[in-house]
Amino acid sequence: MIATLKPDSSHALRGLSDLRIRNLFIIPTIIFLIVFNIFPLIYSLGYSFYDYSAAGSEEPVFVGLQNYRDLLSDPNIWNNFTVTAKYVIISVGGQVLVGFGVALLLNRTLPAKGLITTLLLLPMMMSAAVVGLFWQLLYSPSWGVINYVFGLGDFAWLSDADAALWAVAITDIWMWAPFVMLLSLAGLSAVPKHLYEAASIDRASGWYTFSRITLPLVSPLLLIAIIFRTMEAFKTFDIAFIMSTQPTTEVIAIRLYKFAFQEWQTGKSCALAYIVLIMVVAITNIYVKYLNQVKER
Amino acid sequence: MAAVRSNAQKIGHRLAIAAVIAITIVMLSPIYWIASTAFKPRSLATTVPPTVVFSPEVTPFIKLFTKRVQLQKKPDQATYDEAPWWEKKIYDAGERVLKVAGGPQMSAYPSRFLNSLIIAVTSTFLAVAMGTITAYGFSRFKIAGEADLLFFILSTRMLPPVVVAIPMFLMYRVVGLVDTHIGLIILYTAFNLSFSVWLMKGFMDEIPKEYEEAALVDGYTRIEAFFKIVLPEAATGIAATAVFCFITAWNEYAFALMMTNKEAQTAPPFIPAQLGSGITDWTAIAAGTLLFLLPVSIFTFLLRNHLLRGVTFGAIRK
Amino acid sequence: MSKRTFASLMAGVAMTIAGASAAAAEELTIFWAEWDPANYLQELVNIYSKETGVKVTVETTPWSDFQTKTFREFAAKGSTYDMVVGDSQWVGAGATDGHYVDLSDFFMKNKLADKFLPATVAGYAEYPAGSKKYWSIPLEGDANGWAYRKDWFEDPKEKEAFKKKYGYDLDVPKDYKQLRDIAEFFYRPDQKRYGVALYTDNSYDAMAMGVEQTIFSYGGDLGDYATYKVDGITNSKESIEGLKAYKELYKFTPPGWAKAFFLENNQAITENLAAMSMNYFAFFPALANPATNPNAKGTGFFANPAGPTGKRFAALGGQGISIVSYSKKKEAAMKFLEWFIKDETQKKWAELGGYTCSTAVLKSAEFQNATPYNKAFYDSMLMVKDFWATPEYAELLTSMNQRVYPFVISGKGTAEEALNGMTKDWEATFKKYKRYK
């Protein structure tokens, strides 16, 4: 079979040429995304240099880098960034541990596997606002189930400045671990059985099999899952906003919301958005570089 | 030797099954609790310990579908007796159903639910279709600046939605897309597209080129090879992408709120409002959540076999 | 692109938007938050529709999104809504940024300043204070008050124990000192009973309302609303004492009370958690209703107690109705308002469940005896005082939340530090908006 695999361009040329197919397949998407994103991007960048309120009547005043300077010298903003960093690490870390772990367990012949997988995906099928509301109730020391089940008495998760961030992150892990699980599962099922058989004949240790066979083959899809979860965790809003108003859970998106929609400081919110954008671009870049390395191996 | 190993494997397998069952129970218990709340009388919703055995009520669903207000005065006996059974239930719960032109006034839930369906299904189809062909293009052809283009696609999802919302709203006003189904469909398609391209490219890369090349030799055109050879192999990827895109579009909140006024409003912003404005009512919000979970879980369940098939084809042949 | 061109380009976009949507003839849209009064209003305007043939729709959105959705429409100078039942704090932005139609002539012609309760005219309609310029018609009056467990208060055993401990009779508190004592008295974690439910949610204005009325009653203030002077006022000795009193009360709240607003505080009564609970009167109907509150019979209501020097204040809630200046049907809206201010309309409004601001209706015995809380409502409306209504009020709220919350909830720092910090922030904000001449 391998012998017949020489590409024969005369057949490929029948119908559309590869070049035209390539353009047809890619260009509409790129143009669509450019058209759709260019106005918001320019608008935000432009107004980030202005003192401007979209809901006000005053003319925008050009202030140069003032918005950026104000933001970066505001200790409250730095608090927001610290909180966000902690949140991203705890929640994405937790999602990967739980999601990948469950995927490893599920990666075998199981009765009713399809049903179990669907059921495990249920948490991420709900809207974040509703999840936040119900978990707030679950954590309540007066009428919540969690303290009852674990015998925690009056412990007030969300009223405790230190525990609140963990409580919120646990909710996020519960909601999004299934996402990591499903992508890991798809990657795991791509690992050929004969590799495992060979490894077991060689009496390779479990760890060796895992780190040399399983992980490399799963990592491209797992990394895509991590990239998207990190991006989303950085922008996270609903769950944290609904569950707690502690300063220790005020992630950057909440601050952005206050600037943009409560105070209508449009210029300042645009500047903060660009700071966030630059950070997310930088972090994602590292991931993507790593992803490309993994793929080349 | 072989027997020993298989015994150890058996034990391991059983342990794994036990673990799967345990984890499933833990993960699902909040959902079970929401689902059971949807059938509880309001007074049992927040009991500690939680009430497990109770006679199920449909009142939460009646509440969900009607527009109601607090009862200030008890209705007189005659009015109460004449009321249909579902209206009696609302009276019993201390509320009355608003009337419009003699009939009961429906809540916005049914129409919003329908809007959600139209918008989520269409935008998912578009995002997955565009994402699949674009991913194929990136996976199979040489493209100048491929890495940068892909990163650009990814970056369209990096700006926090709260900031994009205002310029997007202004833009939509100019082109007349505010409060239209098409407006939200385009928006969600764009929103999901970056994810769809990236995920599909991950799956496309796993499908060996040799297969479609063999098909080309056999006289298929490139397009035929794409549809007949590549797409079936990419089924897992398509299913997973579709599930994720559908979930995102189905539950989107911020833009659904900002870009609509009346006609194209979707359900997610409506459901939390069921918590009430006088007395906390977890039952109606649980009912709304449960019903809203149905389409997306059915969709996922139907695709389950594709989701689980994995990308085995490419791997076996390598 | 030069900065000038950029700004004019964006302005051009906004201009195009203004002319975007066309309007149907005889249909008016009122925008309000999603709650019972909005439904009552719909029932009220149905009468208007029947009389005139003009269809009036009350569009609603959840409270949490109400501000966002309204100002988004203002930002686009949109004509989706002809009238808005806007929060009292919005009137500054509505007036100075041109979102609201000036109703001063209408006000004068109909002598509305005499018709509605003075506090509601000052709170919802007039801006700037004392200017005799009016921007809305008081629609839904509201103030903060208290619900309490009358059955617990009247229990002879409790009465005896209380008298023994504090030396006076257990009754509705007359001042904050008594309120504190009663809260302490009923604070019994071992019985899962607690003293008092307060507003603590700091995502918007909930906690600020609870704190401000305590500060006001202690003789403190949030600044001079006319001159924008804050230093020496917001951080005065009285203001600091007021904040300390609020923090002291927080000790007696149920566990997990760090993000409480109207729903939680009503729940504190229905679920037997607290002896007293702070809330807006608009949320009390649910507590008087035996189907929604199993303790309805044992629930009483009282207006805010006095501070140490006898001053009494209540945080102002409620909304006035304004005509949106971008509406294409301003005349029709004006006609509707003419109907709305009629005495019989106001009476009907009160009957349907709305909290009218009409002095005549509020004073009538018929109104005051209609519910167990109407009397306390009327008393409260005579002592209401609002937060800042200046267009930058939301920034003031943010810094207040930031400074005060950690002190009240987590005991970080002192009341003095919190209020000094807030005063500094507010001065900086006012400087930014060039409020000092």
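Each chain carries a letter (A, B and C) given by its place in the written order, and its residues are counted from 1.
Note that in this section a contact is a pair of C-beta atoms (placed from the backbone, for glycine too) under 8 Å apart; a residue touches a chain by one contact, two chains touch by 3 or more.
This one's a predicted model, so the numbers in the text were calculated from it and none came from an experiment.
Shared contact partners of subunit A and subunit C are B.
A comparison of the A-B and B-C interfaces places the larger number of contacting C-beta pairs at A-B. Seen from the C-alpha centroid of subunit A, the farthest chain centroid is that of C.
With each centre defined as the average position of its C-alpha atoms, the distance from subunit A to subunit C rounds to 38 Å. With centres defined as mean CA coordinates, subunit B is found 17 Å away from subunit A.
Centre-to-centre spacing of subunit B and subunit C amounts to 37 Å, using the average Cα coordinate of each chain.
Residue numbers of subunit A whose C-beta contacts span two or more other chains: 43, 54, 142-143, 261.
In subunit C, the residues that reach two or more other chains under the touch definition are 68, 72, 75, 271. In subunit B, 46, 165-166, 170-171, 269, 272, 275 are the positions where the chain touches two or more neighbouring chains simultaneously. Subunit A makes touch with subunit B in their complex at residues 1-2, 4-8, 11-12, 14-16, 18, 21-22, 24-26, 28-30, 32-33, 36-37, 39-41, 43-44, 54, 102, 105-106, 108, 110, 113-130, 133-135, 137-138, 142-145, 148, 174, 177-179, 182-183, 185-192, 200, 217, 220-221, 224, 227-228, 231, 235, 237-238, 252-253, 256-257, 260-261, 266, 269-270, 272-273, 276-277, 280-281, 284-285, 288, 292, 295. Across the complex, subunit C meets subunit A through its residues 3, 6-7, 10, 67-68, 71-72, 74-75, 93, 96-99, 189, 192, 200-204, 254-259, 271, 273, 391-392, 394-395, 397-398, 401-402, 405-406, 409-410.
Partner subunit B is touched in their complex by these residues of subunit C: 13-14, 16-17, 20-21, 33-36, 39-40, 42-43, 46, 59, 61-65, 68-69, 72, 75-76, 78, 80, 262-264, 266-267, 270-271, 283, 285-286, 289-294, 353, 371.
By the touch rule above, subunit B contacts subunit A in their complex via residues 5, 13, 16-17, 19-20, 23-24, 27-28, 30-31, 33-34, 46-50, 130-131, 133-134, 136-138, 140-141, 143, 147, 149, 151-168, 170-171, 186, 190, 193-195, 197-199, 202-203, 205-206, 210, 213-214, 216-224, 226, 236-237, 240, 243-244, 247, 250-251, 253-254, 268-269, 271-272, 275, 282, 285-286, 289, 292-293, 296-297, 300-301, 304-305, 307-312, 314-316, 318.
The touching residues of subunit A, when paired with subunit C in their complex, are 43, 46-47, 49-50, 54-60, 62, 76, 136, 139-143, 154-159, 161, 241, 243-247, 258, 261-265.
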